[in-house]
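Per-chain numbering from 1; labels A, B, C and D assigned in written order.
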Amino acid sequence: MTPDASSYLIISAILFTLGTVGVLVRRDPLIIFMCIELMLNSVNLTFVAFSHYLSSADGLIFVFMIMTVAAAEVVVGLALIVSIFRTREDIDVDQLDEMHG
Amino acid sequence: MLTLGIAPVPGMANELGFPPLLTILLFLPATAGLLLLLLPSRPRPEGGYSWFPVKCLAQTAALATFGLSVYFLVEFHLGNLGRSSHWAIQFPEHGTWLPSLGISYFLGVDGLNVWLVPLCTGVMAVAIFAACLMINRRAKAFLALMLIAETGMLGVFLSWNLFLFYVFWELMLVPAYFLVGVWGEGRRIQATTKFVIYTIFGSFIMLVAIFYLYATTPGHNLDFPALLAHPPSTSAQTWLFLAFLLALGIKAALFPFHSWAPDTYVEAPVPATVLIASVMGKTATFAIVRFALPLFPHAANQFSGLLSILAILGILYGATMALVQIDIKRVLAYSSISHMNLILLGIFALNQQGLDGSILQMVNHGVIMAGLFIMVAIVYARSGTRRLDEMSGLAKAFPVMGGFLLLLFLAAMDLPGLGSFAGEFTILVGVFLSNAWFATIAALVTILAAWYMVRWFQGIVHGPVGEQAPEPTADASDEAWTVYEFPVRRQRLTKDLRWIEMAMIVPLAAVVIWLGVIPKPFTDRTAPTVAAVAGVLRSGAHGSGSAAGTVALQPKRMKLVVQVDNGVDSSQPSQQMPCIWLPNLAKTKPSLPGRLTKRITTRLTHQMTHGSCQ
Amino acid sequence: MSSVWFILLLPLFGFLVLSVGSPLPKRAVAVLGPGVVGVAFTAAIVMFFWDYGRHGVTRDAVAYTWIVSGHFVVNFGALIDPLATVMCLIVTGVGFLILLYSVGYMSEDVDFRRFFCYMDLFVFAMLVLVLSDSYLFLLVGWAGVGLTSYLLIGFWYERPAAVAAARQALVVNVIGDWGMMVALFILFLHFHTLQYVPIFKHVPAVLGYDGSTVRIVTLLLLVGAVAKSAQLPLHVWLPNAMEGPTPVSALIHAATMVTAGVYLIARSYPLFHSAPFTQSVVIIIGTCGAFFAATCALANNDIKRVLAYSTMSQIAYMFVGVGAASYASGIFHLTTHAYFKACLFMGAGAVMHALHDNVDIRRMGGLKATMPVTFWCFLIATMAISGVPLLSGFFSKDEIVGSVYLQAQHVGWLWIIWIMLALTAGLTALYMFRLLFMVFLGQERDPELALHAHDPPLVMRLPMMILAVLAVIGGYLAFPGAPNWIGNWLRHSFERFSPVAPAEPATQWASVIIVILTVALGIFAAYRIYYQRRPAPEQVGATAPAIYRLFLNRWYVDGLYDRAVVRPIIVLGLFLSTVVERFVINGLVEGSAAALRDSSRDMRRVQSGYVRNYALSILLGAVLVVGYYVFRR
Amino acid sequence: MPVLAIIVFWISTVLAVLGGIGVVASPAPVYSAVSLILTLANLAILYLLLNAQFIAAAQVLIYAGAVMVLFLFVITLLGVRDYRLFGDRQPLQRYGAMLLGALLLAGIIYFVSKSGTGLTGVHSSYNAFQAHKGNVQAFGHELFNGFLLPFEITPFLLVVAMIGAVALGKSTQGSRG
């Protein structure tokens, strides 16, 4: 079966949903973080696919930017996780409820 | 030649010109405000801070802004450019900002804002002077916020793009919030919260209306001329107009949306009160004339009666309330509400006299209220109280202060011969022409105004020279409090009006007298534009809702002329109106007299050489 | 022409110099203050003779355009005609004499400069009022004199009574200003201008299509006139205004400002002439006011207030005069009244000066011996105001009563008016001679008080004497049978726009004789009661206690106004501020705020604080968005 | 499309999805990390199939190289801990997430399959793939012409992130004394 634009989109959707569900059900912040990376990558795939099928480099530029942002995000996010772990000795996200209304 | 509104005009793009004087005028205060924050605050050896450099910079910036705004007043092209109905945007500065969203950077001067801009800068210069005198706690931040607010208000006055207007509209709110919330008195938090919630509530509804306009205007252009060329359908106008009026009416203290005003005016520190009461309120009344009326002429005609009734209720309500207040600042707050409603009443008359008078009265009211609120602080520094029942006979010890108080009191009660009478009378003439009963009832306020103002004035300076008020119990442990601040003060002033205090009041008093003795130079500048607005409104009244406003422009820095067929100028054939081009003469001419002569010749030649734009 | 601006600007100049000239020595103030008015008077005389040769020339001089807003155009200009000239002469002439008198009267006051500052401003405002060529600047001057009246009533601001009186005067006057303003709006609506001349020219045209307009306009103008001239029902401020310094009472509250209402009606005669209904109202107000004020004066024991009520009564005569379309006689009475009433006030001021500011006539008496000059001046002026034959008041009052008598031949109800006027003439003689007898004749009731009583210094004596002389000869301006030149001259003003200008009535001998008889009766009664019997203060009211109390309490009008108007408004304000503002206006806001708060209390439970819950809700939103696109078609 | 490419496509797809499932379902973070690397690598292959060579290379270098190394480093730093697969405190959260996830996926797939070629317009054809042999040059041209300013700003972003990370690490130490 020859892949076309919609195949890529569907793969992207599957990966995105997996990432989403992971973010929502897991409690380890590291895994949640990785799930977020998964979601970002699924979006990247969409961009690349559209870029290809629309013969436009704009999508690639977007991917490039997303990668940069993701890298920055990972740096800060991991630093946060490390620092929270240090102060709380415990990084179960369900215990981080200071924002309780 | 293109008609704005169909598409962004290529020639208009990025025509800021050099030097972009309006842009400089607009951002000078905010830039100075941000620079202030960079200045170091030097601690004094005996405690507290020396704010001298900070205050010098702030005052210089405020005065420079005022000077620059006067330049536009002097250079403003008078007369009606040979036509009875036109709407010329002078000194236009147009740049693309977000063209895909119809958002441009579009500044300009016309008859509506030509006086309000100097009012804003002038009153702000006085207010900043007052702040330098009266505020010592965190003075740097205070002055910076004042200056940023000034940019916000100038932006509202100068913007010709609806979105740009909204940005500045919100920008001026933020500093006001902090000015009241941090430096205010007593119940400042309640007051400022009420103020902000009220204002933001209205603003958001206006934002929705702006979005709607963006979505429905052909070409998605939020520039004023484009919007004017494509008025919304009459049914849409109804709710758009009401959405605008809610936001603007709240800010202008239209009855019954006024209840934020007295608390805010009273709890704010005096310079901030001047800012909010004198200038910020005018942004709302101005924006009604600039945007709400011409863009929705049909709805304006539809609702003018209802809104007039609200305004009349507000006039009488504010006056009656002022009659029974004990706090001298609160009396002024209610009197301000009463007068603002009178201005609104003039606007809702929707005719030349009502609008002319309203703009005149906006300036008058701004100047008078600034003077009165500053006088409150000056009186407080000497009496040690703000309660009418605790002070008496101050004129004996402070005759000069009594004299200035007298002048401002007379101006506030609309004494014929002073500025506010010219405004009020013109307003009421306009209202009378549109509805005789409204004017007759609204004129009753002169009786109440005389009553509450004379009670206020006599309560302060007249009566037996009794014992002074008891020392306030609050202690002045903080060195930074000044004698002008309520309720804590260090000692009571015993000298009559000082020179430094006179420097604030005298310019205001001079303006009040000038506008009363000869207001013609004022209306000369406003009248042509107001005639155009009135023309749009008249055409809106006749059902179609289409004002047929067109705009003509030239790629280079030229005057922008919006042509309005007001259907009244019968001497001119209304179908084919030749456009009038005027180069920006300010740029090409070195001296004023030379400019004057050349201006006339240029005007004539341009009229002759340029043809029709339609 | 420039002399007009000279006249107008001189007092203004004096005011400006005095208002900023705090270092000026007292002597300079004493020269400058009256001096500018004196020079203005000279200029006015020059202007008068300049014009007098050319009969009734009317000139309209525009100084500048005040405002232009669409077709609302107002110029600042001066209209010079006989009426304006006469008023100008009275204002500057009498004003100069009174200012001169003030130099002596106020010499002990610490606020000497401020007094002359206000007085010069008053003269300026009054000149604007009488010289203006448009209703708008009439209103400007109108409010200006109201302002200066307020300032001068409250001149001694340490006295609570003065402060209250000033406030009352201001507010009542502003009621009049309101009426004027609305009248101006209507005039503008129909005439598209506020200048006198075009309006008067087009009165017949407007009458042609709308008769009620002129009636409403004149009634509203009458509101202004009534408030300014202290006529019924807006008279309450005038007696209280006597709290001000006596020269103020003489100039503002007797000679000039309070007569502005008469001037207004005379000036607007083409309008009033076209509104017979309003004219009737003017006559009735005038007659009732004359009688009412006379009765109040009869019972009052304050020397200045008696004079104030007599002022009100005399102005009421002028109202009747202008109301009966006998404009020249109204203005004539205005002129003579300025002389003798100013003289009376000066006399009263001299008495007060001598008696340490005591105003209660029950403690006076026998001052004739110690203050002869004052007594003779006072006597002459009293005789003049009472209408003793051959003095000025006789002629002017007689003209008014005579014109009513004449018209009563045709209009029946005017007989009642005429009878009341004649009766009031008698009452006038009664209360004025009562005053004279109680103050100057008989014996001292309070010897201690009058210990140092003496005639005032020359600077006060001289103006008094000049005015006394004028009070004698002023009437011969219109001596019956003689040329009656003031009437002839003023007629130029009153014939210009109206072809049906009233003919000056020939002397009505029947009326004259009856008035003379009542006056004689009044004087005789005063002589019997207050000179021969000289009752104790308590006995006066005992003969007719109810009526006496009614008169003493000014027919209870003041109290009625306080209860029916002032207090309800204050109560309304308190109600609004305590109930409406707090519970309705704020209640709406705070109610909605409270509703939000309550609903947010429930909504808050949604905020568990767990980020994953929030993320789930975001997902829910995403699913909804996708669902929308899926099910859209 | 060559048959070989189709085969590669399907293998990469399956591996990528399996890796995704591994990320979500692994009991310990280290397994998740390895699974994520698998997914990222296979996505790089898909990028190559889509003629995006530069992005593919960047994907391997940045993600599989830098980012995942950082992850593994942090995992080792924090030590291995044992968590239950699913959160046990909020059962609603768990089932709700799975239900909504399924709905989302179903919705998207329905939407995409229904739209067909409409999503990518006229260019949605295999020919587009053939048209460009390599697009690194085009990409570079685009990046340095049209998007120069954003590109120049990205270093600031990275610097800020770096400073943030350093500050976070520092403050923690400070607070602990």
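Here is the rule we go by: a residue touches a chain if its C-beta (ideal position, glycine included) is under 8 Å from a C-beta of that chain, and two chains touch if they have at least 3 such contacts.
Bear in mind the structure is a predicted one, so any value in this text is a computation, not a measurement.
Ignoring chain C while keeping the rest fixed, chain connectivity by touch breaks into the groups A, D | B. Closest to the middle of the protein, by Cα centroid, lies chain B.
With each centre defined as the average position of its C-alpha atoms, the distance from chain C to chain D rounds to 92 Å. Each chain gets one centre point, the mean of its Cα atoms, and the points for chain A and chain B are 50 Å apart. Between chain A and chain C, the centres computed from C-alpha atoms are 87 Å apart. Between chain B and chain C the centroid-to-centroid distance comes to 39 Å (mean Cα coordinates, whole Å).
Annotation for chain D: residues touching 2 or more other chains are 87, 90, 93, 96-97, 101, 104, 108. Multi-chain contact residues of chain C (touching two or more other chains) are listed as 610, 612, 616, 619.
Contact between chains, using the touch rule, shows up for A-C, A-D, B-C, C-D. Interface residues of chain A facing chain C in the complex, by the touch rule stated above, are 20, 23-24, 27, 93-94, 96-101.
Remark: chain B residues 194, 197-198, 256, 258-259, 317, 320-321, 323-325, 351-353, 356-357, 393, 395-396, 399-400, 403, 406, 410, 413, 415-417, 421-422, 425-426, 428-430, 432-433, 436, 439-440, 443-444, 446-448, 450-451, 454-455, 458, 461-465, 518-520, 523-524, 527, 530-531, 534 touch chain C in the complex. Residues 19, 22, 64-70, 72, 114, 136, 139-140, 142-144, 147, 150-151, 154, 157-160, 163, 166-167, 170-171, 174-175, 177-178, 181-182, 185-186, 188-189, 569-570, 572-574, 576-577, 581, 585-586, 588-589, 593 of chain C are the ones touching chain B in the complex.
Only residues 1-11, 13-15, 17-22, 24-28, 30-31, 33-35, 37-38, 41, 44-45, 48-55, 57-58, 60-61, 63-65, 67-76, 78-83, 85-87, 91-92, 94 of chain A touch chain D when the two sit together in their complex. The part of chain C that touches chain A in the complex is made up of residues 604-612, 615-616, 619.
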